[in-house]
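These are the structures in question, set out in turn.
The following pair of complexes shares a single chain, chain A, combined with chain B in the former and chain C in the latter.
For the complex of A and B:
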């Protein structure tokens, strides 16, 4: 995707700039009400159409997922899980998978290329392809296993939350296409309020563990789910129960950067100080003389 | 003059050295945003990302040959432990207090073995995160461990490299050995007397 001048940036990968903060740009969110989804994949098609994506045809392997996984040309897919509850009732859990647009995005934290990943003031996390170097660090940073690197152009791709549409006041293509109203888009505040009404509704109908998925471990997300089993998100095709940026990535990207550079600078400085204090170790004329003694001794033996 | 390195050994060393410098520059550019500008040396970000692992592959091959050539000179001896015990005298240039040393001293041996170990760690972890060709070989959690191990080992090897280079500058006459292949008898007497005696005995 491209940089959008109409949206201010809150964060920019590998950059220390102070973000502009004069304009008022409320946080947005997409609310996916899993309990209303019928798995028709209209959102998937709308995403392909709006973003000009044509994923390759794959083999049928006995599952409804199609394609089988996210890929550089499939930024959202429906994941289907057949689950039996304690009473033996079958539930068909359908989840629209894609980027969660984390408030604290692991992808952006890991990205080494300035401006290849940005977070707009409204919360949308976007990959700016012309700055992407294809290193795959975002793949390691993301707690939701979302970014995919294309083998065609070696750039990372994922859902943009239709940042180009949102910038001009439109809702994302998936939300527009959904026939049941399972995908809603608006201010995060409004979406949260709407979700709580819906959750009350579900609880009344017997889903007493219904709730909102807006994981605080990543600072909340700008794509949220209403789940009937919010106590067990992993039922829904492995949605992480407690998503968090891996501690390995945290160490690599936070503490280590300054400590490593300081350590190397210190080592080099120590060499310089040693030169000044102790000085070079030079061969003395008597060393040469004694060396000749040893070598001559050889001639005699 | 005392012959220390053959032409082939020197070329082998300098190919390895060049690779290490190119790896450090390209690697550091992707490690710290403040050094991202170094990618310009390699033709931009994507080119740096693509070429870095190939430098590593050349380094592995080149260092592998170096390793086979020199490892038997770097086996630990009793006098090496004594040498390490007198590290204060080493640093303050009091060579007269040190035991007689063979072809390599303990410091040089440590550099050799640390380089060997770190290059192994860097290559293995590097393959795990060489996504262009080997993405499907390992899981993402494994790649997270590998990327941290790779950067830690890289910082360590750059530290070892700084010590290696400074020691070559500090101990005068050493550089000539690696540049032109020979050192003076006095240099050999001063720093590697046991080796000089062996040479004198014709071994």
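For the complex of A and C:
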């Protein structure tokens, strides 16, 4: 989906080595301050405009989420949760959902296609469509349930953190459009520092458990949230309390991959030995007769 | 707005009541967030629904729709009782100490002067006692029983916290908490800003809702100060401009009054507009009325307006009724009295109450001309869209003309925002196909009409033949030409008292202070004088320099009047001219003149010792806790139930509703009762859409595709309505079938022991555009309006709700 020329890579899916980088790049982050977000969907609108996406117009199904879920043409949506605390006080928790750009990206780890998923030096995780084989392993690998496979071109899609804009020194379209400054973008270090000021303010206002969502389980993320209830992220429409890359991906990447590769090598070797020892397999006359019989049988039914 | 959008960041408390700023004004709402982050402000929301604004609030309290006056009167009672009052301010800058006539009174829901036969008030007793000089008597010690402050205390004494709770359904502890937060800004260096919109205006008591809050702000000393004010968040980018240039039928540009039948001569007209000061040494700026009027007439009629013909006063239409508002226009249409209609830039079939009546009225026209960039429902009212627009084209004879206009981005021009900033904008793209600017279309209509009058004569050709119309291209005046005409210029050399020439003939005016009443100046709208001077297009300025970082960039565009950003800023300083809040001063007296970051209310060398009040448009120079005769319902706000309400008015059961509300007899029959329609309906907007426009845009249609209503969980359970189920919401005027959003954000309120359920009706869907077809919430709303502004009551009416089968197809 993107222009690779101006972005240095840190990691590349299904590849042992990555192109060398001579530049040191600071890590970027998008900070979503849930306590400032009014759920206006300007970010959704800007995302559609910038990336030229037009998801289908759906129906109303009893929720403010429109489209109802992420899809190949909706890379971000607002999720709305009406939540009452133990004292019966209502809160309307509104969270912008989309790719978290993990430092340790499950999608990239799971991806079997070389270069279909890359992580840039600045931390952005991007899908490179021309390399994507549409296998859906990234969907399984993602702890946040973000990538979606298009039924039209059988490729995976998700938020790029506007890597094309970032590459030329601009903020993502959603951050640009956000009217209340609930979406900020910059160096991860600066975003973390600003978040701590916001958290102090929220604590002063009575949100004792306010905090930053930057889950260490995935090595931290390049999309972070300021939450009023950081002790319970799952209140916010199921944001994982402890995101974890599926153990299958871990096994695939650690134990299974060498074993599978060894198995593959063994099979190839065995085939070669068989060819040397027994010669190539050939079609025998009785095999041919059986095949003809099956075809005839098929014609009758 | 008395203040500006940016100034909201200076507030200590932001009260959003009578509006939903985050939802309807998301861009401006950034300043509320700024106030929270950088000024540690508390955001307080009082609303029937837990809104998007409430989602980021520090404190939320529910209120039953249509009971804001009771709530705010309760707040006033609280402030007076707890002495949370800015005393210097109230004593010196409001009319609290003035003495009211002996005949004034209030009993059983009616003020003195009620005439049962006329169904209206004689407002003679609603005024001050005057001394022999014609000045209002006062008692600065507040001992006099009829001084405004004591009358106010007495009037609001009935609104105890218990009474407020019984009327409003707001839990008492929540009401008191809101009072406490509001009261914290009575300190001279603290300010509360009131952000409101249609949640207050769209009631039969709309103007009085706003007055109530203005009175709260005066008691707190929060008008004219940084971070304070009464801030009406306008609903269109240029709706402020619409009222400024007088597009209401009872107004002429700059809030001059349209003459009435009872004022057949110019002398009659001016008799009630001398605006003599009611206290010594006051500015009483409306005393210049004649200058504004004559300059306007010179602008409209040019050389044909002379002293001899009373500046062409006879050519102005005279109103036979107080105002031809939209309700009256459609009533006249529906009864066959109005047969032609030019509908420029709005969509009455969706936006006016009682859709069936609007549809019927449009069908009785001989012709309808619609000027709009979009294909509106109004232009297609004759189409049959089943239940959603049941028209029978074979029975409609109306000839409809659609005149496509340019959009704002397809033309140069100015927009006036809520903060009274007149800002120039530049064309970004060419208009598609045959679209023309509104200016070009109106010019074309006028030029052809004028030619017909010239050729064939007519009943009264003078005003049309003599209209001043001289532009480079008379068929299409440019926005620049019109802007200069509005600003005004000298028609002859203008000299001051000493005989020195202050303006050369032809020179553009610097401001309205230069206007004359002898026909030597013109101005198309006096308050806009200063928008395009000899220094060029002042509206086009884009200098964001903000000397104290208080959100006052004096060199950004132009703010009327006189580039003043915060109205009544004199009131931000004490009697000696020292700012009440030294951390956020606006202007201060330096011993010889007023200086600061804003343009002072009056001549900058006016010493504080001159005793000139900050409220220069009032004849007494003071802000009015007692409104004199300026409001139709009375000088103090009083709680009246909405025209349709499930609850009696236990304060005065015989005068339950606003006695002077705008109602036509033919519409009374269509009011519903609570036995059939037991729930309170209220309409509103969603962030994803702008009125009925953005449903034409695909992205907005994706973001909110389909009509729905919001129902509380408790009522939904009672009615067996599940999430996303089809429901039928009905009033005595029609029914809407759509899906239900069952929500925790609409909780039943306990009103005097009975539950009050509110049904929420977002308004955005119709039968044109990219979104799914809908009925439109105005299918349900009653044809009744506010007594002062005639604004329809969209925020409180009776409905029923039941589970329904979905549409067949």
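As a working rule, the second predicted complex is superposed on the first by the 258 of 301 C-alpha atoms of A that agree within 3 Å, B and C clash if a C-alpha of one lies under 4 Å from a C-alpha of the other, contacts with A are read in each partner's own complex, and residues count from 1 in each chain.
We adopt the following convention: a contact is a pair of C-beta atoms (placed from the backbone, for glycine too) under 8 Å apart; a residue touches a chain by one contact, two chains touch by 3 or more.
For clarity, every value in this text was computed on a predicted model and none was experimentally measured.
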Touched partner set for A:63, first chain B, second chain C, both or neither: second
Partner chain in contact with A:9 - chain B first, chain C second, else both or neither: neither
Chain A: partner with more touched residues, chain B or chain C: B
Contacts of A:201 with chain B and chain C, given as first, second, both or neither: second
First, second, both or neither for A:90, with chain B first and chain C second: second
First (chain B), second (chain C), both or neither touched by A:167: neither
Touching partner for A:112 - first (chain B), second (chain C), both, neither: first
Chain B versus chain C as contact partner of A:282, first or second or both or neither: first
Contacts of A:39 with chain B and chain C, given as first, second, both or neither: second
Residues of chain A at both interfaces, chain B in one complex, chain C in the other: none
Touching residues (chain side chain B, partner chain A) in the complex: 30-34, 36, 39, 44-46, 48-50, 91-93, 95, 129, 131-132, 135, 140-141, 143-145, 147-148, 151-152, 155, 158-159, 162-163, 166, 169-173, 184-190, 196-197, 199-202
Residue numbers on chain A that touch chain B, as the complex places them: 14-16, 112-114, 131-137, 139-140, 145, 149, 151, 154, 246, 248-249, 251-252, 256-257, 260-261, 263-264, 267-268, 271, 274-275, 278-285, 287-292, 294-295, 297-298, 301
Complex interface listing, chain A residues touching chain C: 35-42, 44-45, 48-49, 54-64, 66-67, 82, 84, 90-94, 179-182, 198, 201, 204-205
Complex contact set, residues of chain C against chain A: 22-23, 26-27, 29-30, 33, 36-37, 40, 50, 52-56, 58, 60, 687-688, 698-708, 723-725, 738-745, 747, 770-772
